Structures are given as structure tokens and as C-alpha cells.
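Which chain is which? They are A, B, C and D, in the order written, and residues in each are numbered from 1.
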Amino acid sequence: MLQYTLKRILLAIPVVFFISVIVFYIIQLPPGDYVSNYAAEASVAGEVFTQADMDAMRADLGLDRPVYEQYFIWIKDIVFYGDFGFSFNYNKPVLAVIEQYMGLTLTVSLVTMAFQYLVAIPIGIYCAVKQYSIGDYFFSGLSFLGMATPHFLMAVILMFLSYTWFGDPLLGLFSAEYVNAPWSMDKAIDLAKHMVIPVIVIGLSGTADLIRVMRGQMLDELNKPNVVTARAKGLSERKILFKYPTRAALNPIVSTFGWSLTSIFTGSTITAIVLNLPIQGPVMFNALLGQDMYLAGTWLLFMALLTVLGTLISDILLAWLDPKIRTEFRGT
Amino acid sequence: MRRFGKRQAAAAEPAMDKDANYSSQWRLIYVRFKKHKLARISLVVLALLYAGALFAQFLAPYGLENYDSKYVNAPPMKLRFVDAEGKFHIQPFVYGLKSGRDPETMRKVFTSDTEKKYSLQFFVKGEKYKFLGLVPSSTHLIGVKEPGRLFLLGTDALGRDLFSRILLGSQVSLSIPLVGVGISFVLGLIIGGASGYFGGWLDAVIQRVIEIIRSFPTLPLWMALSAAIPPRIPVVRMYFYIVIIFAFIEWTGLARVVRGKFISLKNEDYVVAAKIAGVSDTKIIVKHLLPGFISYLVVATTLAIPGMILAETAMSFLGLGIRSPATSWGVLLQEAQKIDNIALYPWKIIPLGTVILTVLTFNFLGDGLRDAADPYKR
Amino acid sequence: MTAETVQPQQPLLRVQDLKIRIQMDNGVMNAVDGVDFEIRKGKTLGLVGESGCGKSLTSRALIGINPKECETSGTIAYRSSQEPEAKGEALDLLALDPNGRKIRSIRGRKIAMIFQEPMTAFSPMYTIGNQIMEAILIHRTKNKKEAKKLALEMLGKVGISDQEKRFDQYPHEFSGGMRQRAMISMALSCNPELLIADEPTTALDVTIQAQVLELMKRLQQEFGMAILLVTHDLGIIAEMCDEVAVMYLGKIVEQAPMKEIFRNPKHPYTKGLLRSMPRLGGNKAKRLESIEGSVPIPVNMPPMCGFYDRCKDRIEGVCNRQSVPATQISDTHTVRCFLYSDQKGGQ
Amino acid sequence: MRRQRKLLIVLLVIISIIAAGCTNNSNSPAPSDAPAKPSNDNKAVDVGKGGGGSDTAAAKEAPMLAKLVADGSLPPLAERLPVQADVMVEPVVDQIGQYGGDWTMAWTGPGDKWSVGQPTEEALFRFNKDGSGVEPNVAKSYEVNENSTEFTIHLREGMKWSDGEPFTANDVLFYWEHMLTKETFGKAIYDAYYSVDPVTGDKALATVTKVDDYTFKVVHKYPSVQFLERVAIDNKWFFAPAHFHEKILPELVGEDKALEIAKQWGFEDTTAFLKETGYYYWLYSQIPTLRPWVAKNDPNSDQFIMERNPYYWKTDPEGNQLPYMDRIVATKIQDPSQRVLGTLAGDFNLSTFGAQDFTVLKENEKKGDYRVIAWQQPAWMTSGIQLNQTIDDPNLRKLFQDIRFREALSLGVNRTEITEIVTNGIADPIQASVQEGLVGYQEGWADQWSAFDPERANALLDEIGLTKRDKSNFRLFPDGKDVTLTIMDSSEDSANYTELLKKYYEDMGIKTNVKLVDQATLQELKYSNQVPVSIENISVVNVAYRPDALVPLRVLTPWYGQYGLYVSSGGKEGIKPEGDVAKILEYWDQIKAAGTTEEINRLGDEIVKLHMKNQWVIGYAGPTPTLIAASNKMGNVPEDLIWADEFRSLGAAHPAQFYLKP
């Protein structure tokens, strides 16, 4: 197992390198760069920006060099100094920007994720055990509805309903008076209140998927002879349910957990834009739009790394969870 | 004399013993599927939706460029049978619209003009179009006589009939996800299968490729694409591009599942036996391995279709993809999501209903297929 | 052991008028339609029949593990010779809550079951040891160490060597025969009074089949348990059983001691079955016969003999007009056929 | 000097403590007024609507500052304000306000710097209410000699930076010598500081000299009649806190040290650092300013906070130190609809909107407890097009330069429909033109080619020679090539408009594409002369103040394309202007050297007339107002101003005197 893990990590290195090249290439793809973007914004605001100004700015930022040179400088700094570059937009080192949004991003993602798993797995089991019951139809219908509504629209509608019903659209993650306030009970409650819409919007769709998979897997497993065997042994239905079908049905769900690692950070971007959540997704989206290339690049690279890592975790989980694959390693 | 017919018997057979009948798996699936009421209804709804898309130009009273500043943001009209004087009419009719503006808020206000009645008519001559893209025609299924207008679901900010736009938009929104899913299904099956079945270096390479593709950031790719695509590209082709890209990323998930299943199934005795018996690899895969997890694939692919419909709406939200006057449901939803539309002209959210309906029916269909394909179903 | 002497005539299990009905879209299927039989302590009853005749459903109904779609009626009187049930009246297993504590204390403990597919009957997720221990932990001891000891012992008894290593292996690491041995050890781990073996050897090849049957016989003697052997294979019946019940389309068409069945079959179906069975030393020139046609599905069946369509000796106007009553041919031999019935002229 | 100050502070603290002990009211700032000159508004007693406390004198300064004074961490008000005679009295719009409260607004982050920058801006000279001229602001007064070459500017004695350091002529000189002329913050020396020889066209940089601590002099070589107006536009803040910048400028502290400081601030290099600190200084809490509110936290936070400047140098007519409101709280938003929703919900108490949000704002006015105020814009239009006169394609260029083509495009569009759909019926269906009341207004211009006459439009197109048609019935050039108009746009918001345009143009047989690109790309495309048709607006108060939109001076405005590059590169690049465009440039040269305001206005009028004649910019809908949604609690918000960048947009309302009713 250890050897396998090590081998996989070694294999991942060229992948990450390759991805970093592609990432950098992609960022460069759209015409224009940060400077032209900056100039455009400035001129909208009524400032005057001349070609000379732009050239000077490019030279300062090193954007006048060939792309490959920019890439190598970037990579060199990452590898040797752990320096991921500088965000033009924030006037801060890239890492500082990422750090600024990390806390709330994790909060939002983990809460919605926990919501998804905690809600979806029991419901999936329930729907499979009580297949075609009213409950099955109800939950399936609800989860489908959540999945079928585009996030951005659902977010806007919920926001508007919240406004018409409660007079507060619950924008952002905190009410204005708590944004810069130190943590307190009231602030936490305020956060919880503001989490309702994101959790519903982001959580519901993910839940739908999970319920589907869980239900399908459970149905497969419930009909397997080992359930009958267990029953013949005198096990209680509850124990059978959790020990045999549930355990087996969780396999694909647990093993795909690694895949959702990146979606922790990017999955909710569109919703976050609509709901004005101060989390990573929108920041990165703007970095991409504004050609804040080191920020965008680092972010993408980070995501790529997470994907690779997630795949690795998934594979290890898969191997670890499935005795067949696990013993294959033991055997060789 | 009443006899127990063989046809009925076929339906009941699997309920008895598992080893009963193996020869007609697909027939069994068909029979079981027929029993799934929701799936059957979904299939009918989907058939209607697709028929609607196919004949959209004929069914829609107006075209996509039927702007009218007089009827901007008009609410849905009521089809009436009883007029203002209480008289009943066999033929449904609509009243003419009088429009004005609220002097305070500048909001367009519409009132029914009970003086003017326009009966709903069938096979009305209207805007020219090409039936099924081939036959030029100007007949529309329903309509009212000029200068009357028929806005069953209201109008948008440019005074276009929303009902017509939904119908015409379905052509894009319904057709192309099929292509995307088809591509990803085939790719995922072939590549994932090969990876899992043959293993070794091929597996290693494919896994790496999948990893790279999965790590590929979609958002900037879309953005780069939209910047790189020339302006006068036919909208549908543009959408095709994006769907292909989408499928290109989507297949990897499927491939991984297929691979995993292959790995765990390929050492099953019956597979090994077949191998030793000299059965070709393709045949082993098709005959022995695929049936082992077909239900999962069916669920995954039917779930992927609505996923793509939704992806299209998300792209429209980000300002990528189809652009008005060409219309897709994504375009309509993107227009609807502006806060003033939700606050002032809520009927613009109606396309959401069709999106939900389609996604739901696809899901129910997939569900029915899954249950039908399940070899252990009692 | 003492119970036998006290009440020699009381069977361990008496099944009366067992009916299993399944609601189908196109009607009600009488999968099991009024089955009666008895299993006596320490003896082996063979339940033989074609696929789909309801023998598996019947066997599973005994411990109430059929899916809930199966409406079951009748009585299954269970008279245990072991504590705590020994003293009381016979227990109607069918009357018990199928998920209740009572029936669960009987399942696995008093009545154990082994299945046809040893591969899928074990969960691939857990080690063999874990799954064997499970029953022991429920019924015999709460002590894991002790349970493991018992399980290892059991594995040894079914002829699995290197038990310690095998104990921690997963089902997929076992061969088919091994798995069935493990399955048997699992079933016998709680020393049951009755072992239901549902096609225990069908999935195995012939030599292993013989080994497994041998094992079962040996263990039967060792533990003194009764066996309900469900099979379609008359060869196994001949080897294992004391008594035989032939099932066809949800009904027992003939029931008799094993030798009687083989020597003196009455029902046309039984005869057909026997003719289709290869025999050592039989006439090689003579082709094996088969029964024409296939088993119909008992959905919305009118009252008639289920074998009517396939029967060579059918009596038009009799066999297809009414349901067939059982006819007692001798003390131990019953058959359900108008050929032997007094009522045939009744119509 | 420093020791003396310290002593003084200690003394003051002691006095205030004693005073506090004497009065019952512990937070009474009364003693802070006590040592002040007795002449300082004794009439303040009648500040009826003031803090409402028992102590009327408390109304002179905000309670939050009074508290600081009371506990000694802040000098008393009189020491913070300039000397009595030099305090600037800001008239209030409606009534004397009350202290306290936050101005809550939405912004999109530091990129949106101007939305907090303009309302808090304090210029040396600012435009008066109707925009007809400038008035002293940071400056107390000025004198100018007869031929407009020498400007003597007086500052306010005792005026202080927000950190309490005195503001003097040194700060102006420092800015001039070390920052502006050295171009430390990345801007070239502004045009305002150059004077032009009317004969030779020679350009000369002004000299700036200090007269005394509160007076400095700007001397031009040639007359510069509009110097003050130009400064009010080009270089609003002609000063910088010397005591702060001394510590960070590389030329004073050394390159290495400067870089080190930049890194401390989180910057990668000194260039970006100096630009941000020298130009966008109001975003940084470390930098002292003269503004009513100063930054308190990191502008990248989810909520950017500016807090009152305790040393602000303006009072209301009753002597209460401004600003009334304690803080500006700018919440970061990511989508424009959040501004609308937030306003409806009362989260934001004063925000600005485009006319497109009129109906939704107006409908919820009561529920949201706010009012919608409309300020006119000096724009030529809301929806129109600009045809690039120098586009690369020779066929197109010829076409665009043909006045008949422009007339055809103007006649072929139904303006009533455009105004109804695009501007919700708010705008008038008129031609792009200067509004009545602004410099350059031309009678009848608004109606030029404004009727919807597709017949005449088609006739004109035929007359030009676009008679050939392709398979889809689109017009072709005589040489058989496609006539395709490509409209470049960077905003999703105008999708409806461009969609309609496409329809009208294609109805005339002119194939039209709409290409949506992001802002950055559009900017790039402008520089590379690849924007054939743009829908950019033109908004000019007075061509003489800010000529770029109407006079091709640089690459900026789409209609003149590469002509601008020609001028800005001194003829090295771009395309030489000819005909009327060349004439415009001539007029502009004359304006720069003009000796009187009348002369300048006359020449400006000539430039506008050429625009009217040529209609390079075609408008389909008249201008719409900018909307201000102000909470009903927000007082003193003027209702009749002009929304123009030149007048600093919302800044023209003097937000320091906005106040919140309790």
C-alpha cells in the first residue's frame, strides 16, 4: 500500500507540471492582459491612460517578457522560494489573498458538504428501503427539484423571497454590523442565518446527486444474496441494513469523496457571485476576468493539485475500501 | 376456457427464481420499464417536448425577432371563453392590449381592451420560416388576426412573445445535450473499459490523461473560448463547441467508474473462464462485463443529460454561449435572473418550469431504466 | 437426545397448508399453494422440483426470510427439543413477527440455512471469519475471543486447513468449494437442529459436490440435526435423503420415503423426473427422456392440475376441471393425481 | 518646537480633566471650546436640531470626537480647525444636520476606488454648483494677474492633515517637486501645467514657488486662462502630505529602503507602491489626507470603512465641524443586483444607479423607505454608435467617412422604439447632441436626422453605391465585398440595444455583427484600431475642460480612432487627420493659447458645430439621468445637480454635510 501510494505521488509530479504549463497557457489565451484591463477600468472611471503609461506598467510587472519567460520565472519562484507571485489587483502576494478568503470558504464549503452528506445518505437509504413509497417520491421529487433549478436563479429567487417575506435579502455571509466585528455568539447566529440560502442552493443540488447514487447503490445491494444470508443468520433488520448494503453502497460515495475536493473551492462560484459570498470562487473568477494572472494561475494550479490529490485519495480509498483491490496489493 | 397466457408469464417469471431466464435481458428490461409508471409518463412528456422542439417554428405564434416596443414586458394574456358582457364563445379569444406608462414609476401598464376581441385561430398565416428547416412555410398552428397579438406567457423586455421563445429555445436546449452525453458516454466506456480491462501501462497513461483533463479548469477554458470564437459563427455551432468541450471533461468521470468496475469484475470466475475459452476481449467486455454494471451507467448518463442542460444555463449566466436573438432556455433564464425582472415581471421565470420539467423527466426516465435494468430486481 | 425417546412421533417441524401468494401486475401468483410436510429430528427431507416450482420460497418461508411481497399463510409448527422452547407447545413460526426477536433467535441458532451461491451469499466487504463469527456472537457468546475460537474450530470441522489464515481472508480469496465449506461452517456454527440447504452444491463442480455432500452427511451425524435439502438433482436426493417431497408448480405432488420414490414413483411428473435422470450402469442405448413443455406460471390459475399440459396420462375433463386432492397410497406415500384418486368420477 | 507642542497638549489635558471634574457631564466637550477664540460662533446656542443633549456646545463637534477630547487623546476642536477666519464654512442644502450614523453603500472593491474617492474628494479648487466656474476649496483664495500668467494661491492657516500635522505650502511644493514633476505615481505631468504660445505653439511648463507658509505662486510662461478649471479637472489635489511621503519616496530614503517599506505594505515593487500611495491614497489608512473621512481598514476587506477626520477643516454655517456622519461603510458586492436588493432592503442608505433601475427602485420607494433623486448627465445620448473614421478596411473607412452613410444609419433606426425598450420610455427619441444649457448647445441639433425614415435611408445607401446584394439580400460593396458592421461592446447590459440595432441595420440590408468582448480586450482592440463600431457614450460638460471625447488627442474615443494616435505620437504613428477633423484640432490649438474665456467658449462652440455637421457620433436615444436612492433618513441631499465626472459626480453634493435623521 505504501509503495503504491509513493508510486502514485511520483507519477503525479509530471502531471502537476504539465497542468501548470496548460494553466499558464490558458490564462494567456484571451486577448489583452492585466494592464489593458486595468486601463479599461481606469478609463471607465474617467482616468486617462496613454499607450506609454501602459507600456511602462507592463515593463514594471514583467508582462512585456515572452510568455515562456514569465512562466519560468513564476515556476522558479514557486519551487525555490515558495513565492507564488503577486496579485496585481489586490496589491498583495498571492498567498495572502488566498489566505484572506480561506477561512470563510472552508466554512461555507464544509457546512454545505456536511449538509449534503448528512442529509443525502440517510435519505438515500430510506428511499431505497422504502422504494416507491410516498416518502421515496417526496424526497426524490424534492432533491430533483433542487437539482433541476439552476443555482443562480434559485439563489436570486430565494434572495428575493427572503426580502419580500422578511425584508432582508440576506446578502453576503454577515449583516453589515458584524462583518468587521470580533467573533461573538451574535455574529455566529448571524452567520448561521446567512448560511441558510447558500446551504439550500448549493447543498440541495449536491444532495440530489448523492441521494440518487445512494438510492441506486442501495437498491443494488439490498437485493444481493448476502442480505438473505445475514437474515438467515438471525441478524436484526437494522443491523443487516447498516452492516451489509449500506456499507457496500457507501463505497462509491466515499471513494468519490476525493473528487469533490476541488468542488469545495470552486463548486459554488456562481452561487457565491449571486449571493455575494466573500469566498474564493468569485475572487478567482474576477482574477480570471481581470487577467490578474498570478493569482488566477496559482489558484488554478492549486485546484489542479487538489484534483490530483483528490484522485489519489479516491484511489487509495477505493483500494482500501474494496477488499478485492486491497488484497490485490497484498498479493503482489 | 381461460388459460394462463405465456405473454403474461414472461412478466412474472423473474419473480420466481433468479436462474429462470437469461436469454432476453433487453426484453425483460423493456417489460420492467413498462411497469414504471413515472418513467413511462416521463417518456411521453419528453416525447412531447422533443416534438415541440422539432416543430417549434410551426407551433410558435411568432418568431425570434418579433420585437414590438408597444408590448414590452406585457404580462401573460388570458384565453377567454366568456366576454365582458358575460356572453359565452365557443372559440376562445383574447382581448386587445392597451398600454400606457405609470407616470410615477414609468412602469409599462397594460389593460385589456374589452372593445377589441381576437379569436384564437388555427393555421394562421404569419411570419415566414422553414418547416423542419426545409420546407418554406408561413402557417402557424395558433395565432390571432392582426393587429391583435397573442402572448400566452407574456413578453420580454423587447416585446417578444415568451411562449414562442420557449418553444424555439427548446430546439437548442434539448438537442445538444444528447450529443454531449453521447460523446462522453462512448468515450468513457471505451477508454475506461480499456483502462480497467487491460491494465498495465495503458491504464497508467489513461489515468494520467484523465487526471490532467479533470484538473483542467473549465471556467477559463470557456472564457478563452468565447474570446477566441469569431463573431459571426452560427450560434448552434458555438454551442456545439462548448458541449463537446463539456463532454470532453464529463467522460472522465464515467471512465473512472467503468475502470473500477472492470477491475473488480475481470477476475470473476466467469470472465476468467470466458478468457480461457478463447472468447475475444471485445466479446468478453460486451457480453460479460457490461451487463455487470449497466444500471450504473444508465443512471450516470441519464443524469448527465440534465446536467448539460443546466450547464448551458450556467454558461449563459456567465455571458458565454448562445446570444439573443438566438434563444435557448439558458438565455431566457439569464434574462429572467435580473432582480428587476423577478420583482416586476415574474412571468419571465416561466422558462424555469420547462427546464425543471425536462430535467425531472430525464431523471425519472433514467430511474425507470435503472430499475428495469437491475438484474436483481424482484 | 432425550426428546426423541419422550415424543418419538412428534416431528421437529410440521408444515401445513403453506401458501405463498405474490401480487403481480397481471394477477396473483400462487407461488406455493398448500404445501404440507414434516421434518423429523435428525432426518433428511429432500424437496425436489424444477426451477420455479416454489421450493426455494418454501424453504425460506420456514424461517420467514422471504421478501415482504410474499404473502404467506398456513402453519409451520416448530417443536424444538432444545431449551428454551423444548418444554412448550409447538411454535408456529409463521405467526411470529418476521423481523421480531423471537424468530431471529431461531434463525441461525436453531434453523440454519445454506445457499446455492456461496460467492454472493458472502458479502465481499468482510472477512470470512467476521461473517462466521457474526452468528456465533448473536447466539452463543458475546465474547469475541471465544467466538473466534469457535469459528476456527468450525472451519476445521468443515475441512478447511490453515484456519487462522483463512479466517482473515475475504470471500474472493476462497475457491467455490471452500466458500461452500465456509458457508456450512457458518450455518453449523451454532449447532442448529435443522439445516436448510438450498441447492447447496449446484454451483460446484462434481468432485467438490461430492465432498461437500459427504461433509454434510458427516456433520449431520455429528450434530444430529435434521436437514431440509432443496434441490433439483435427484442424484443428490438419492444420496442424502430419508424422505422425498416432489414439488411441482407450488404443490407437493408426491411425497414418500426416498427408496419408495425411486422404486415406486406414482405421479407422472415424478416418473418423468426419474426417467430424465442418468444412471450408472443404465442402458446406454436408451436415450434420456425429458419432460415435454415447460413449467407454466401459476398466475390466475383455474382449479386444475398444474401438470395437465405436460402430462401424458392426463384425463380430459377431469384433470383440467378441478384441483387435485392428495391421495394416501400407503402410510408414508402420498400422491396428488387423479390417476390414483377416488374422486375422479366425481364430476 | 516639538517639545512645546507636547507641553501644550499636556496642559490641555490637565485643563480638560479639571473642567470635566467641574461639570456634571463627564463627556462634555465644553472645555475644548473654552480656550478657543471667543469670537468662534457664540450664537451656536440655537443649534436646535443638534445632538439634542442638554449641552448645546456639544453640537460643535461629533460626540465620538468629544469623547476623545475629553479623555485627552485628541486636542480640542479649536486646535484642530484652521484659524477662525480660515475655517471653510460649507453651506447646508436644507438644514443644519445632526452628528452620527454611517453612510452605508455598496462598492465592488478597491477597483471601485472612485465610488468612495469622489464623494470624499477635497480639491484645491472645485466646481461651483452649476459647473460654470471654480471656487476655492482647499485653497482659501487666489489672485491672478491680468494676462493670466501668475496665479497666487492662498492656503488656510492652521489647517491640518488628518493625523494632526499642519498643512502648508510646503506640502504643495513637495508634491510639485518630488511627486508630480518626477512622475512618481505613474502619471505624466498634467496638461494644465503647460502653457502654449499662441504663435509658435511652444509648450512650457509652469513654475511653482512658495511665498510663505500659506501662500504659493504658479507662474506660466504664456497666458493660461483656464488654469484653475484645468487643475480642478486634471489635478484635483495639488498637494501631498510631505511629512508622510518624505519617509517613503525612493529619492529621499533610497531605493532599497523604499522597496523594504513597499514590501512591508505588502507590495511587490516600488512602482506599484508609489502609484497607489501617491494617487489612490485615500484607500490607505496610513496616509494622512484632507478628506472628511479617512480609511480605517484594508480596502480589500469585505467591508471597507472610512471614519471621520477629526481635523476636517470645514464647518456648517453654525460652526459645527463637518462631516455629520461618523463613517462611510462600503460593503463589497459582486453583482449589480445586490446593490438594488440592498437598497430595497435598506442595507444601503445612499447609492447611485443607472436609469435602467428606475422602475424597480420607484416601485419599492415606500417599502424601502428611500427616495429616488434624478441628476441630469451632460451626456449626448444614452444609446448611439460611433463609427471609427480610421478603420483599417479601406472600403469601410470610405463608407464611414461618407456623411450619407451616417445619415442613412441615423434615419434607419426607429428612435421611439429604442427609447421605449432600451430606456424604458425615459429618454427622448433624439439625435446625439449637446443638451440645452450646456456650453455648445445648438438649436435644432437634437432633431437632425432623427425621424424614422427607412425609405430615405435605403435610398441613401443605394446612392452611395451599395446596390449589389448577396444571397441573403445583404448589401455588398461595388467590388463585391461584404458590407459588415461589427459592433464591439464589453457590457452585457446593452444586449437589448445592440440586438435591436442589428435588426434595424439588417432591415436596411447591412449585415451587422455584435461582438461582446471583455473590457480589457476592448481596450486592446481600440489601440490596435480594430473597433469599427462602438456604442460608447459621450459625456462632456465643456469641451474646453476635457477635450478627449471630441478632439482626437489620444487613443480613447472610438470615433476618431487612429487620428488620436497621430496627435499623441507627434505624427510618428496613426493616421493624419484631414478635413473637419483637422479643423477641430486647429480650434483646439487655439483654445489652448486663447487669452479670454469668451474666446475659449467661442472656439469650443466651433468644435461642437463641426460635430453637429458631421455627426460622427450617432445617437438614438437622448440622455437619461443618474439616479440616487437616498434613505428618507438621509438629509441634505441636493436634488438638482449635474452628474458629471468633471464635477466629481456625487462629490458635487458635498457629502460632508449629509446627515442622518435619528
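Here is the rule we use: a contact is a pair of C-beta atoms (placed from the backbone, for glycine too) under 8 Å apart; a residue touches a chain by one contact, two chains touch by 3 or more.
Predicted model only: the values in this text are computed from it and were never measured.
A.B. asks: Counting C-beta pairs in contact, which comes out ahead: B-D or A-B?
C.D. replies: A-B
A.B. asks: Please identify the chain lying most centrally, where each chain is represented by the average of its Cα atoms.
C.D. replies: A
A.B. asks: Measuring centre to centre with CA averages, how many angstrom lie between chain C and chain D?
C.D. replies: Using C-alpha averages as centres, the distance is 93 Å.
A.B. asks: Distance from the CA centroid of chain A to that of chain B, rounded to the nearest Å?
C.D. replies: Inter-chain centre distance comes to 26 Å.
A.B. asks: How many angstrom lie between the CA centroids of chain B and chain D, rounded to a whole number?
C.D. replies: The separation of the two C-alpha centroids amounts to 49 Å.
A.B. asks: Starting from the mean Cα coordinates of chain A and chain C, work out the distance between those two points in Å.
C.D. replies: Comparing mean C-alpha positions, chain C is 55 Å from chain A.
A.B. asks: Note the residues in chain A that touch 2 or more other chains, in rising order.
C.D. replies: 30-31, 156, 160, 224, 274, 289, 322, 324
A.B. asks: Which residues of chain C are in contact with two or more other chains?
C.D. replies: In chain C, residues 172 touch at least two other chains, as defined above.
A.B. asks: Residue numbers in chain B touching 2 or more other chains?
C.D. replies: If we look for residues of chain B contacting two or more partner chains, we find 227, 267, 339, 343, 378.
A.B. asks: Along chain B, where are the residues that touch chain A in the complex?
C.D. replies: 204, 208, 211-212, 214-217, 219-221, 223-224, 227-228, 253, 257, 260, 263-264, 267, 295-296, 299, 303, 306, 310, 313-314, 317-318, 333, 336-337, 339, 342-343, 349, 352, 355-356, 358-360, 363-364, 367, 370-371, 374, 376-378
A.B. asks: Okay, in this complex, where on chain C does chain A touch?
C.D. replies: Residue list for chain C touching chain A: 60, 63, 65, 99, 104-109, 112-113, 115, 117, 120-127, 134-135, 138-139, 169-170, 172-173, 186.
A.B. asks: State the interface residues of chain D toward chain A in the complex, per the touch definition above.
C.D. replies: Residues of chain D touching chain A: 104, 110-111, 113-114, 186-188, 266-269, 271-273, 276, 297, 300-303, 305, 329, 331-335, 337-338, 341-342, 344-347, 490, 517-525, 527, 548, 554-556, 565, 568, 645.
A.B. asks: What residues on chain B touch chain D, complex-wise?
C.D. replies: Listed in rising order, the residues are 65, 67, 69-70, 72, 101, 104-108, 157-159, 226-227, 231-232, 319, 323-325, 338-340, 343-344.
A.B. asks: Under the touch definition given earlier, write down the residues of chain A that touch chain C in their complex.
C.D. replies: Interface residues on the chain A side: 224-226, 228-237, 243-244, 247-248, 251, 322-324, 327.
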